[in-house]
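Next up, some structures in structure tokens.
Look at the two complexes coming up: chain A is in both, with chain B in one and chain C in the other.
This part shows the complex of A and B:
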């Protein structure tokens, strides 16, 4: 009943896309990229932004083909029930596991940095309660919250940048272009993989109130998130230098810990962490929503609450018990993460595009034959 | 189940005794019979309830003309003639209604009308004589301003309607009345501007009001709980005010007012979150100071909600944030206190809430005693006794004062309730707990609606035009649009553009030099 009236604006969708990508990248991106490309890491991220924009155009184009039905219904109407079933179940699984990964990263961070003695189980449960509350309210509410969180973060980022001015060492960037092109390209893979999460637009696109802004939304979302990544990696290198970035556990927050206002306000990273927490909530809520939306739509479930609760519990357990320790988790992220994201965010949209094009062509031919 | 209306019987005695039967033997029910001098038969009977009518009107406009009626008139006219004479010539009251059922008779008696019965005639006359003692228009006690009108609504619905009519002299101002409450039969009036208020919302409010099935409405709070969008929320989704200027301003922006007889608090719907931080004085003062005060109010709301929990979280979990010298002095204070910060905060907060509630109940004469007890005994002595730290007293007192800055009492109450929840979260999970709590609250607010209007409206969903009256107040000539969605889409423009005042091209100071 609520679904038919749920609408989000282009601005909200852009903020959603940006916050779907930004929060987890913030934790690990600088370390991962500088490990490969050292002081040229920012070039890698810039390259990934260009690749991401290409994908954004494609996803935007694909979503525009949708006449306004929900994603799964659309596939079903075009490619049949079997295809919808396969894609729907896979995407549900994908979004659940992405949520679980984000949840795991989130709770590990909180347990490492803020609440060392609180059981992880409690932290994960609190996060899940808030996330499920958001999912229960639906995309419209998530989008509204996102917009507020987005503005707060933009304001705070600017303040942070202003205050960090004195700590920048541009010498750390030299020599520019020392690394060969293949290395730089290799470095751009993981930031690009983060950007592929723009594919969630396939699911939230149909909720947009003005369809003509779809392309703009997709591109701006990736542009914002990519620019943010460039800025982040740049800052980390400019402040710590390429060597140190790799050694610090969470370079982004180490960066803001340098902020000092006079002699009375220092160690402000907790303020930045607090705001980052809100973005993390938005990200997990969006992906949990995507998972439950896919599943509900696939089986046309009217009473959504049990499914949402079940998925929530499932995600919570996955986050808690899939990985024995941090090493295990980073092994997973290194080996299983990228192919998984690739499959869900690039391979499936590509296959979908091909299938749709093929269907259109055969339909067209058949039409011509009928005419003749 | 509605029973069939019974018609008034033919004979006057029967009717009179029925009325006395229905209303019981209350001393304020007055029955006066008139008959021609010679004949004993009563021809005309007057009934009214003494405590509800304006005695002057009854005596001079109804009783005297009937008494001055000559005897021959009584004899000459039959019942039809007498009735017509009464209706057209004798009764000197403006509004007269003809009624013919018992239910109507009782109802109009209880509304303060005077009933005139003519023997042998099955229709009665109800003359409007409502009056009696009532509080006059006074300065509102709960929402005072320095600059602005000093009138407040009263308990009388007629007075309240007139206060609004006098402010908005437009033929489009609509009053729609209905009676709610099986027993109390309370008049409830919806007020809106036709063509400016969103017609869908008017319909929705009317529908919700008409579905109320209860025996009594004594205050607008009853109505509020029956018609609000969501019950289980600390945030109010209807505004109330006893200031006619505030309500009129709301009506002019497309909101719909609900006046309830018997209370000076008029409801206003639909509302968005930012409305609760606007005071009518904002619009009477210069826009710069109004904007500044408004920012102070939002800040105070946050402080009132967050300050104790932030203090608890930072002193318990994130001591590294505190400047070293302050940390040392805080640690020195905390040295002597036996409780963790959260227990300390709870002791002080509960103490304050008790003091505050006591202040409301306490007779005015000993009101000053409570401030002495509160300030000296509970504040200073508690610190000296080592029960709580001085910093905590400062935090709690500032929180308490910040709470009073919020112009609307129901929003202030919301922040009081949320404060306790956040204190627990801050004491157990530090800033992570507080942020999670705030996130929960934000999601809750984003999901709230007031008569279909998103609660966080001008901010999220974003409406840039309407941001001119949220965190700041732009000068009047800049606010050319009414709030979107609240008002009817065609009527969003409120005034002409480019009305920025400019000095004239010719400088009057040099005007004289020319000649």
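This part shows the complex of A and C:
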């Protein structure tokens, strides 16, 4: 049984949570938030971090209620087969579509920046093959890879920050607080939506080897991802100013491409793009794992490979054929993305919490009656 | 065991054939450009490329005499209704595909600059292979002529131009090195103005063959000239060196610079000061009438490099006198910069963002009429110069020369 053998450490889980959020946010966040809040974008992101921490506490709390069963089994044991079926199927669909979206973002980026002439189908297939290989080997494998990717990214990001020191213009942040509070709050919506992906902890939480670290994992994961977002948005503004950030499609990498030290250390963005690609693999693998885990558990499937292959193919096709062009895709992201994430990551956990509390209370009362 | 070996070999073979997929770029199929020129004629873009000829730079790198007579670069132009159309037309005449990732400088003609540079910026920000750190320069003549000019000290003149402008910007401070993203962010900034350095060929005839670079002296060379004022993306005027130094002081972009000044109240410039560090504080104030006053405080430090005045440089009051003269000189260039930017009605001094940052609410009210308000903004300057050292000679030679000298 998977449940008995697979165990991940708290550190691995924290890294997983961070990498569930960071890779896609890195591409789009600076442009989205500065478009709304201009030079005050970093305040928006900071607000989103606070909101995200609130959610992280709640998700941590909810996962702690789970005695160590896999998520779907736990729902089934507490709320019955029907509830498990609804939640399980919805979450499977959700994780598949998050993976498809991430895959689409990934392939768009690669096609934009590096491989303009290669058919997207090839790019997407290569990514999917690697991801399925990881998913086949299970969460433990993904978690181990995650840790390597995580440290590599943290170290090189700090080096990148040092190299950029002389290109920073702190005056670009002024005047602070020019935008009114509602605008700043509006700007914090999309970074917050990104942070809600911490809810994947409900699935991976039961794999943690030491349950007492659950809360810490949840909060640290969001703290890391949120801080990363703040730094990223700030950096983009400090270098390009609030206006140019909106023009550049991928400010995070454009920022690095400015580094020119002597005549030998330049065009570093390819180093950072390569690193970021590793994080993207982790993200997609994690969500594909979550999807296949939900589905397998729901129908108690012992032979997982066919399901994983099927889901992989399905995700791949979704990514390839759902959107005609980038305009179509960004329209989808703007209109359909936030409600979808809200539903899966906030509404479902909240309903779940309420249902569990309710069940507990009635069970408790019934217990009292039996005693009496 | 052999099965494993076969598998490893297969993976390696796969890695070789799949590298780059459809986008593989073979070095011998690329025309690597080191500089590009943009010109406009009869509503058509004329794009010039300085393309490196690999075979002639690989042999005898560095040694000027060893050049085998082959030109290290070739320059050609193509025409088109849009920039990328012109670039695509290069395929009609070149055996290699143009590759812009190593492009160092972009030279824009005055004609193109007067028409507006936003198409160029769009291409640069849209095309992934062109880098945003390309240096931008303006020329009054034809950009192609700049690209054709060879330099004896730098085989690839595109790279040479970039070295000249960054050296000047770091050590001279008269002209800033402007990269395309910096230009972009100042054009979209509050002041909607930017500055671009000029490049020109001084002298004639042009040096375009390697035989000419083999001589010890060339009849013409590439030189940096004035500073172009760009307002809302269009060229509106020029600043001379004194004015552009003033702009550098106001915008706190002075690194090191040599300033010639006079040690007496009036008279010829007979001393030189090497400014090593400078810091400018810009503080906006709003008067009762609603008009803005910008106060500029410059703190400069440096060394006396030369003087012809018979002065005792051990005396603090003598040094103080020199510092006062220097401050006057710097104030003069700052004043000149203000007058020039008023004359061209373009806020290259960055006053707009200074006011925006300090008075965001008031800025909201005036930002639409800024072009009309800007010439009425008053300026107060306070320059303090500290001569920290006077070099390794205590007195001026002039003083010792005189018969009364000790």
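Convention: the second predicted complex is superposed on the first by the 369 of 372 C-alpha atoms of A that agree within 3 Å, B and C clash if a C-alpha of one lies under 4 Å from a C-alpha of the other, contacts with A are read in each partner's own complex, and residues count from 1 in each chain.
Going forward, a contact is a pair of C-beta atoms (placed from the backbone, for glycine too) under 8 Å apart; a residue touches a chain by one contact, two chains touch by 3 or more.
Computed from a predicted model, the values in this text were never measured in an experiment.
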In the superposed model built on chain A, check whether chain B and chain C fit or clash. clash
First, second, both or neither for A:155, with chain B first and chain C second: neither
Can A:114 be said to touch chain B (first), chain C (second), both, or neither? both
Which superposed partner A:133 touches (first chain B, second chain C, both, neither): first
According to the stated criteria, A:258 is in contact with first (chain B), second (chain C), both, or neither; which is it? second
After superposition on the shared chain, which partner residues are touched by A:267: those of chain B (first), chain C (second), both, or neither? both
Just checking: does A:181 make contact with chain B only, chain C only, both, or neither of them? Give me first, second, both or neither. neither
For chain A, which side has the bigger count of touched residues, chain B or chain C? B
Contacts for A:171 in the overlay, against chain B (first) and chain C (second): which applies, first, second, both or neither? second
According to the stated criteria, A:244 is in contact with first (chain B), second (chain C), both, or neither; which is it? second
Look at A:11 in the shared chain and tell me whether it touches chain B only, chain C only, both, or neither; answer first, second, both or neither. first
Which residues form the common part of the chain A surface touched by chain B and by chain C? 114-115, 118, 122-123, 266-267
For a test of understanding, state which residues of chain B touch chain A in their complex under the given definition. 317-318, 320-321, 323, 326, 429-436, 438-440, 442-444, 446-447, 454, 456, 459-462
Residue numbers of chain A touching chain C in their complex, please. 112-119, 122-123, 171, 174-175, 178, 240-241, 243-244, 247-248, 254, 257-258, 260, 266-267
Given the complex, residues on chain A that touch chain B span 9, 11-12, 110, 114-115, 118, 122-123, 126-127, 129-130, 133-134, 137-138, 141-142, 144-145, 147-149, 263-268, 270, 273-274, 277-278, 281
Within the complex, chain A is touched by chain C residues 20-23, 101, 125, 128, 131-133, 179, 181, 184-185, 188-189, 353, 356-358, 360
